[in-house]
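The same subunit A turns up in both complexes below, where it pairs with subunit B and then with subunit C.
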Partner chain A sequence: MVIAVASRLLLRRALLAVPLVFAVVALTFFFIRLAPGDPAQILAGDAPTPEFLAQVRAEYGLDQPVWTQFLAFLAKALTGDFGTSLYSKQPVFAVILERFPATVLMTGTAMIVASIVGILVGVASAKRAGSHADTLISSASLLGYSMPGFWVGQLLVLLFSVSLDWFPATGMEAARASYTGWRHIQDVAWHMVLPVTTLALFLLTMIARFTRAAMIDALDQDYVLVAEAKGASRNRILWHHAFRNACVTTITVIGLEFGAVLAGAVVVEIVFGWPGLGRLFYDAIYRRDFPLLTGAFMFSSLIVIGVNMVSDVACALLDPRIRR
Partner chain B sequence: MSEPVLSIRDLHVSFPTATVVQGVSFDVMPGEIVGVVGESGSGKSMTARSVLRLLPKSARLGGSIRFRGQEVLDMSPADIRAMRGALVSMVFQDPMTSFNPVLRIGDQIAEAMTLHGQKDRKTLSDRVASLLASVGIGNPKARARAYPHEFSGGMRQRALTAMAVANGPALLIADEPTTALDVTVQDQILQLMRDLNATSGTAILLITHNIAVVASLCRRLIVMYAGRVVEDGPTDEVLTAPRHPYTWSLLQSVPRLDRATGRLVAIKGQPPDPAEPLAGCKFHPRCPWVEERCTRDEPPLEDGVRCWVRPAL
Partner chain C sequence: MKTAATLPTPWFAPAWLVRFLRSPISTVVGSLLVLVVVAGVILAPLITHADPMALSSDTLLEPAWAHPMGTDDLGRDELARVLYGGRASLVIGLFSALLSVILGMTIGMVAGFFGGAIDETLMRITEAFQILPKLLVAVVVVSLIGSGLTNEVLVIGLLSWPATARVIRGRVQVIRHEEFIAAAEMSGASWLRVLVRHVAPNVVSFLLVSASLQVASAIMSESFLSFLGLGDPAHPSWGLLLQQGQLFLSDAWWLTTFPGIALAMTILGLNLLGDGVSGSRIVAGSRR
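For the complex of A and B:
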């Protein structure tokens, strides 16, 4: 039943997403071409002869009008070929896929941590709305919300890595020791603590604030009084009745903020030397690696669209009034 | 005579700003249908919700509420929960907002029973279907799977009534159950309550500001004004020979077919603001029979009437 409804909803949203995806691809392509810097110059190296420059342009199709380049790109993209990285000469898709797991690991962990902690904090402060604890939590989350990620990251590194030496400051695994099995997992987890905390903080405060507001609203509804009149316990009312309604807001926030989290991941990966897509992105901009940049942009946009689709469907499954 | 199922004595409900129920006392006997009428703001809902201790957080309760002889105000939270929905249940005013919008109707009705120990799924779904059928909802097995927004207002109020009686309570408190419904649906709900009372002997405390509703259903009538009981007696006596000026004015304001004028006479003036102290009888600023002592001392509820003057009405 639920699976049937979910796949129907997902299919419909996927169809709606097709024009969106096309727009994203086109915008990405043209915007990157509008950016300053000539890829042929970079490819050809220092002080190239004009003949060599022209040869490079012809080889990469850069002498064609942008429109022609776009159509050629589209035609290839449809077959799964997103071009070749100007820097590494590897297929763009392969380069991205290689970096993808590290980003998924960090972003996914940050999302899960932020969701669980954010929901618990939001529900706990809604339960005590107006109390000192609630005011304290709200102020703290405002603080967390207004601190930029790169700054939080630096602070955490200074405190927990440089001063206290509790956690490693950079990388994904210890460079010299080559751990295997369980030790390896432990090592990676150890390296994740600071970057995940940095990345999760913003989303966590957003989730806590919106969940709190939605819970306060839900707890004030008549159906909560009716549930109490049936003899439901405080916890049952909180989670079964109020949170079942409030979580639609929570999931919407998670979906909407996912783009910001991914953007935050770029910064965090650079601060912490995390070998993921963000780092790749940064280097691609630096090297004017246009095919790679286009691919990475497209890839992350598709992921954002996908995550939003999933959150839309989840909301519809949770709230029958939005199901259509 | 048997023991009252509900016995309220000198009930007080106060908020930091005002005392909104003051010295309310009345009994409900087993199997009895008692009506409570009064303008909105007169403390009917707060009185009703006190019985299940479902007041807003800032409210303070005083006096005594005994359910089958047991003091409700002294019960532990666990005892209160065991009573709510099982021995005493409640139907609220607005059927549109009384169901949780994201849960199925049938699951919400079943919850009333799981909370009180019935866990067998087959028994639950059979019971839910028979409850829905008993309130006149056709195809109950399928309807139980519906969500609240798929039900009309009248169906929701019937389903709420079914939910309230799921555990066969000794007392049903209905707080303006028909106010939000149109007239034909009102009648269905009232008929439902009448049947319920007749078949299972459930006592009903029916709160309403609609005198016509009371007249058709209740044997006894309690009139509230400004957080106090001002008149309490058999319905036919109260309606045909009111003894309190407020009851009289209330009846004057009801359009009746047998009246020559057929005009609606609103009671002049406003009920007192509970936050403003008012000496004497709380109705005296609006009372046509007001005397000097009415402005000075509050009359006691004696012989079912709270009035110094007791004019011939």
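For the complex of A and C:
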């Protein structure tokens, strides 16, 4: 039953996502055209040989009218052909897929940590709304929200790596050891502590703020009064009655902020030398590797659209009123 | 009961100061933080005689009396760089927020006022813009069209309007059905006149909140771009200083600590100000 509803919803959201995917590819194409100079030059790098320039021109149909060019670009992008990286000479898609797991590991862990802690903090401060503890939590989350992620990361490195030497400052695993099995997992987890904390902090403050507001709203509703009158325990009212309604807001926030989280991951990866998509962006900017840059951008945007789709479906499953 | 405004006030506590100190604590703290930053940035030449661009052989000096925030790898005075760097950050923040607020207000007013298919179309576009990872879009565009103050302002401004548009749309939907709008329409005012003369003045107080949060977010976005090396090297902003600090993270803590404090102070101040204004009487009493 749930699976049937979910798949129907997913299908409908997927249809809504089609124009968005189309828009991302069109925007990317537009940006390449927008750049000053010859698009072939942009796609072929700073000092291409005349042969390579001609090859790129033919490959992208750049001698054709703009509309034909766009259709060729679209057809390539939709089949996962994002071109060839100018630096590594590898297909862009392959380069991205190679780096993707590291980013998923870090971002995924950060999102799980941020969701759990953010929800607990949000619910706790809604329960005591107006108290000193609530004010303190709200101020702390505003402060956390006001600090750029990469700076938080730099401060954590200064404190926990440079001064205290508790955690490694960069990388994903120890450079000189080649651990296997359980030791390897421990080593990666050790390297993950600081970057995950940095990335989670940003999302955590958002989740806590919005969960708190939604919980205060939910606790004010009649169904909470009814549950209280029927003698439900405090915890049951809080989690079963109020939070089930408030979590739609939480999930929506996670979906909407996912783009910002991914952008945050880019800078956090740079601060901590984490070998993921973020470093790829950075290197692509520096090497003026435009096929890689636009490819990584399209790839990330599609992930963001996908996550939003899933969060929409999750909300609809939790709240039947949203299933129109 | 006499209110503070009607009581005679001594010279050291004029009415406006009393009123200011009675506003929510977040407004007071927020304004003070912003005031300190803006004063420091504007009065930079009075605070330090050091030239932010002057090279010297005193490289990577720890903070001391001669260089309160130390020096960087090229021997430049970090205090001067932080103070002058604020100019780039604030200018980009202000102008891109201005652009995004004007755009957001226009789109929000049109959507909320006309409703129907226009509203539906504009809101779908707004949602699409909200889902797109705006910072990554900015990275791609600035890499392609080149960095520079103007490009940064344009890119950040053009990507940041959705939040304002949604707030304004919601507000306009509420006042759309008020009698004074109907009266203006019946007296033959054109839709443009109704929007500009009757709707706009009623949403301006909401813009105040939005603008303050927009400036904060724009400064944050600028620091993100600069940190990725897409800032304007001719006008080093706080983000650019932090990018340089990253290279000397384990040798020179002062190169990341001080620009970051300036950046966080500014953003916190603006966020507090936005929070405070939205909760205070400035908004609540705007339609008396």
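Some points to look at:
Convention: the second predicted complex is superposed on the first by the 282 of 324 C-alpha atoms of A that agree within 3 Å, B and C clash if a C-alpha of one lies under 4 Å from a C-alpha of the other, contacts with A are read in each partner's own complex, and residues count from 1 in each chain.
Here is the rule we use: a residue touches a chain if its C-beta (ideal position, glycine included) is under 8 Å from a C-beta of that chain, and two chains touch if they have at least 3 such contacts.
Predicted, not measured: the structure shown is a model, and the values here were computed from it.
By the touch criterion defined above, A:V266 lies against subunit C but remains apart from subunit B after alignment on the C-alpha atoms of chain A.
Applying the stated contact rule after C-alpha superposition, one finds that A:R244 touches subunit B and leaves subunit C untouched.
Shared-chain residue A:L136: touches no atom of subunit B or subunit C. Residue contacts after overlaying the shared chain place A:Q221 against subunit B, while subunit C stays out of touching range. In the superposition on chain A, contact of A:L11 is made with neither subunit B nor subunit C.
A count of residues in subunit A touched by subunit B and by subunit C gives the higher number to C. In the superposition on chain A, A:G231 contacts subunit B only, with no contact to subunit C. Those residues of subunit C that touch subunit A in the shared complex are 128, 130-137, 139-141, 143-146, 216, 220, 223-224, 227-230, 239, 242, 245-246, 249-250, 253, 256-257, 260, 263-264, 267-268, 271-272, 275.
Those residues of subunit A that touch subunit C in the complex are listed here as 19-20, 23-24, 27-28, 31-32, 34-36, 42, 142-143, 145-148, 150-151, 154-155, 157-158, 161-162, 169, 256, 259-260, 262-263, 266-267, 270-271, 281-282, 285-286, 288, 290, 293-294, 297, 300-301, 304-305, 308. On subunit A, the positions that touch subunit B within their shared complex are 221-223, 225-233, 236, 241, 244-245, 248, 318-321. Those residues of subunit B lying in contact with subunit A across their complex are 52, 54, 81-86, 89-90, 92, 94, 97-103, 111-112, 115-116, 147, 149, 160, 163.
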